[in-house]
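Chain IDs A, B, C and D follow the sequence of writing; residue 1 opens each chain.
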Amino acid sequence: MTNFKTTILANQEVAPDYYRMKILAPEFDRRVRPGQFIMLRALEFGEPLLRRPFGVFQTGSLPADCDGLPDKEFLEILYKVVGRGTTLLRGLHEGDRVEVLGPLGRGFETVAKSGQQILVGGGIGLVPLYMLAGELVRQFPVRMLIGGRSRKDILMVTEFERLGLETYVSTDDGTLGNAGPVTRVLERELDRFPDAAVYACGPMPMLEAVNGICAARRVALQVSLEAFMACGVGACLGCVVEGAGHSEEDPRYLCTCKEGPVFRAEELDWERLARRVSEGGADHE
Amino acid sequence: MTNFKTTILANQEVAPDYYRMKILAPEFDRRVRPGQFIMLRALEFGEPLLRRPFGVFQTGSLPADCDGLPDKEFLEILYKVVGRGTTLLRGLHEGDRVEVLGPLGRGFETVAKSGQQILVGGGIGLVPLYMLAGELVRQFPVRMLIGGRSRKDILMVTEFERLGLETYVSTDDGTLGNAGPVTRVLERELDRFPDAAVYACGPMPMLEAVNGICAARRVALQVSLEAFMACGVGACLGCVVEGAGHSEEDPRYLCTCKEGPVFRAEELDWERLARRVSEGGADHE
Amino acid sequence: MNSPSPKGKAKETGPDLSVALAGLRLKNPVMPASGTFGYGEEYSSYMDLGRLGAIVTKGLSLRPKAGNRTPRIAETHGGMLNAIGLQNVGLESFCQDKMPFLRQISTPVIVNFFGNSLEEYAEAARQIDHIDGVAAVELNISCPNVKEGGIVFGTDPTAAAAVVGQVRAVLNKPLIVKLTPNVTDITLIARAVEDAGADAICCINTLTGMAVDIRSRRPQLANGTGGLSGPVLKPVALRMVYQVAQAVNLPVIGVGGIMTAEDALEFLIAGASAVQVGTANFVDPAAMIAVIDGLDRFCRQERVPALAGLIGTLCC
Amino acid sequence: MNSPSPKGKAKETGPDLSVALAGLRLKNPVMPASGTFGYGEEYSSYMDLGRLGAIVTKGLSLRPKAGNRTPRIAETHGGMLNAIGLQNVGLESFCQDKMPFLRQISTPVIVNFFGNSLEEYAEAARQIDHIDGVAAVELNISCPNVKEGGIVFGTDPTAAAAVVGQVRAVLNKPLIVKLTPNVTDITLIARAVEDAGADAICCINTLTGMAVDIRSRRPQLANGTGGLSGPVLKPVALRMVYQVAQAVNLPVIGVGGIMTAEDALEFLIAGASAVQVGTANFVDPAAMIAVIDGLDRFCRQERVPALAGLIGTLCC
């Protein structure tokens, strides 16, 4: 957990409203776990005030220039433009200054013994799954299920395929891959591999459906959640979700930023989660 | 008086902390009078909120590119970096978007019958005198007196000389031109040309001294004032100065933005002006 | 609303933006906030004033008022402080020099005014009531009662009711009362003002604030303190508009930090029947036109046939 | 201040940043605002906590508190709204799980606490008084008196005096009372609190505000309203600190919108003996260190030998 000022190496549109940003981040690679995130802000802008949370898509390094400097280690985020902060990010260029707090939070646990590993990503929710896939594929057979509303919401398929995964795409409107919800593919795959481990990230309704399916089949599930965040370090208590067994009398709040964003499904109170309004990436599919 | 969104053509440092900015402004030339100003803001920045007033240094046009488009008519400002707004301006580049309200206010009157025209500019205060000099020099002999604290505060001497003026430089510390206040040169010149007309812009203490000299000799004086401004159009009453004959019972406030920024010396209440704190370009010499 | 819009092109009728307010029918809910738009004329070259829902004048008093020493304004993060000191030309000069222009504009004129004693308020109201072409008055009660120890009328329910009562007694035109946010419980003031005969409530005036120049160790304003306005005010204004709209049966005009149509919509949904735009006029002289156009666009996009249908629809 | 600074290099002694506060001597006037810094530990990897003038904990209550539903935060122009609902681990767990860490930090620990009745306040104070390693307490009176109809203690001089009196009666440690800005006249509350036995006043808590989602037509916070903090608050906070410092003979802690050393200096000059940094911690976890370093730099540049000499030096 560090906070550092750094510069942007690249900020490219990959699809309408979706951008990839490479940020210079020496030694970040050593410290980050799949599923962790950063809090990012552009320097020299007063507004918006608060940083914005983004999952780490990947880390890597750009070859040195002829100037004899070492390779440029970077971290990369993949973001969708949805509001003030991301609109501002879209306008930034190579060389612009940003400040990064991270890596933050608890990432995915990859303690699975054996068997199929199934990753389910809805829309921009596939971000934290990319590093995870890269790690899992070294040991296990990995299937990547990518869902979205429409063709334009499906990103990075080639990148995932290049990792050597079985990749399945589905769209609600059938404009790419299977027509229908990604959960239908999940059920089909779980029929074939009933003791797979599942990892999911995406809009809340998708996560609920995934949880329903996995719970019914007693399949181990980890989910990555979203929440409005102010501090990112567990200090403000703005980002809490209700944990399993929560009640007014015996509150069991978990900070999405610190005890999450990745949770084992059984740690959460899914009934209350379903009642949350306007948070958790509903707008981000 | 119009309000228009436009783009920056150039933004160059001319001396440490002093910048020239050319702004695309078709047909502005026809409308602006020497001494008028604009209210400027950078688009896509929330902060600072209010526009900033700048005198129009000059207008002109850049030759058309090979693209067959017409010449690019521009207005130019010359500014000193002193705070939040000007720090932001300094960071802008060719192609960045700005919004211009103007030309605003009352400029210089050039109704002199004949004789010597003496212009006195202190520090950044020479800005509104450049267009004025250009206009006067076509009809009259013009002397330009430029003063500043030190060598680094003296700008645009060559530009003024190129207009064909007699130009005299003085600095308080003697690092350029005559050592001493610019008012000493003014007195010398008024000794030679007792019925000259004087035009001045600069920090308040300089203007007071100039007014003292001109009043004693009954020489016609016009001054350009500064004030904090919010609206620039006479609506907020934030920028007022006390006019001659002002009293609590019979208030005679003048809006610097609308009835000024150029005033005939006799229109103002110089005693009250002298008591103003922290306004009027004290920081801008 | 059966007649075709005057400048209307031959296409389908747009959404109905009109609202009712204290007996007036406004073509749209957008008007300037007092003191930020002069007497209208100042902005006439930047827009067609006739497009505004109404025009609200700078605050007027019986006699001309000098206002405060300068500096009168200072910028703060996301807002500004002003201590103009209610400088104005006085009612007489207003009638002579400003009203002839305002009468030509095809939108209701609302005169904002204030006094420093009950008598001053009442006498001003009496005079304004006779001004031809004034559609309604807006009573600014954020002023100290100089005669009675200087307590600000608008911070005390009894004092607020007293001044509203005095004015009501002599006024036939619709009476809008503008509240100060510098109070513990704005609903108490709102109810007192309602009982005393107001026809509408305007909410809110500026929050009192301060800024210090750390080099000179002086307040940045000659007056010491000043009124905070601009985007910073919006959350507080919105909360108070919501509270007041719940507490009284009068229409509420929302004001405080409105910069865009989205901001205006927040106020309408929270319970405002109309909105005023203040500081935004300084940032963009055409801000109100942009707000009106934005409201129209929103209604089309969201298929809202009549904007008035959104008023007070917040679900809590 | 004769002893050489512990980590001191062999150069001239720097300016003296220390301040006195309610019987404590702080190495500098900068501390976190309650609720924005957790229990200290959360930020320990970003700074040397020992450099802070003091540490103020999240607001604690007798028993653990669940807090509000989410969303609990929303961003506004230049600030944020929060409705955390005072979620906290409760005093018992605080003593067991948080104090051992805090005791190791070489700076005074100030415990912020609240209750929902006079009895709760008093019992909490009694317990905190016995906690080893707590240097002072900060009493948050911006809470409703649930037993007595829900009026917020801090908005009424009598209720404020009552709660301060109850706590004073059982507390030996220095007592700081934190005021809410949602009042008509903060000096009335400050004087009542002074008379009831406070040792210092902390000024201010958040302004109540609201934000609306125009698509769903719901408040952005599950709770409806929330507390406004951040840079937007500074002009109001500064004005109130100035007023309170004039009105009472107690030291005042200034809080509200402080982001930089310059902001902190405005508060000190206006009369604050110390400052708290809240929302800025979220924007930059090392904000307080930057403020401390900036104060040091300012003193060197302006040749101020002792920062305390600047307190309350505003010339009006």
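Throughout what follows, a residue touches a chain if its C-beta (ideal position, glycine included) is under 8 Å from a C-beta of that chain, and two chains touch if they have at least 3 such contacts.
Quick caveat: nothing in here was measured; it's all calculated off a predicted structure.
*Asks:* With chain centres set to the mean of the C-alpha atoms, which chain is at the far end from chain D?
*Replies:* B
*Asks:* Between A-B and B-C, which chain pair is linked by the larger number of C-beta contacts?
*Replies:* Pair with the higher count of C-beta contacts: B-C.
*Asks:* For chain A and chain C, let me know how many angstrom lie between their CA-based centres, rounded off.
*Replies:* One centre to the other, that is 47 Å.
*Asks:* When the centre of a chain is set as the mean of its C-alpha atoms, what distance in Å lies between chain B and chain C?
*Replies:* 36
*Asks:* So the centre of each chain is just the mean of its C-alpha atoms; given that, what is the distance between chain A and chain B in Å?
*Replies:* Measuring from centre to centre gives 55 Å for this pair.
*Asks:* Specify, in ascending order, the residues of chain D that touch 2 or more different other chains.
*Replies:* Touching at least two other chains: 77-79, 218, 231.
*Asks:* Could you tell me which residues belong to chain B and also touch two or more other chains?
*Replies:* 46-47, in rising order.
*Asks:* Using the touch definition from the top, list the residues of chain C that touch chain D in their complex.
*Replies:* It is residues 76-79, 81, 155-156, 182-185, 207-212, 214, 217-219, 224-225, 228, 231-232, 234-236, 238-239, 242, 257, 262, 265-266, 269-270, 298, 310, 313-316 of chain C that touch chain D.
*Asks:* Give every residue of chain A touching chain B within the complex, in rising order.
*Replies:* Within the complex, chain A contacts chain B at residues 44-47, 91.
*Asks:* Residues of chain D touching chain A in their complex?
*Replies:* On the chain D side, the touching residues are 35-38, 42-43, 45-46, 58, 64-67, 70-75, 77-80, 82, 84, 87, 213, 216, 218, 220, 222, 230-231, 279, 281-286.
*Asks:* So in the complex, which bits of chain B are touching chain C?
*Replies:* Those residues of chain B that touch chain C are 1-3, 41, 46-51, 99, 101, 227-241, 248, 251, 253, 258, 276-279.
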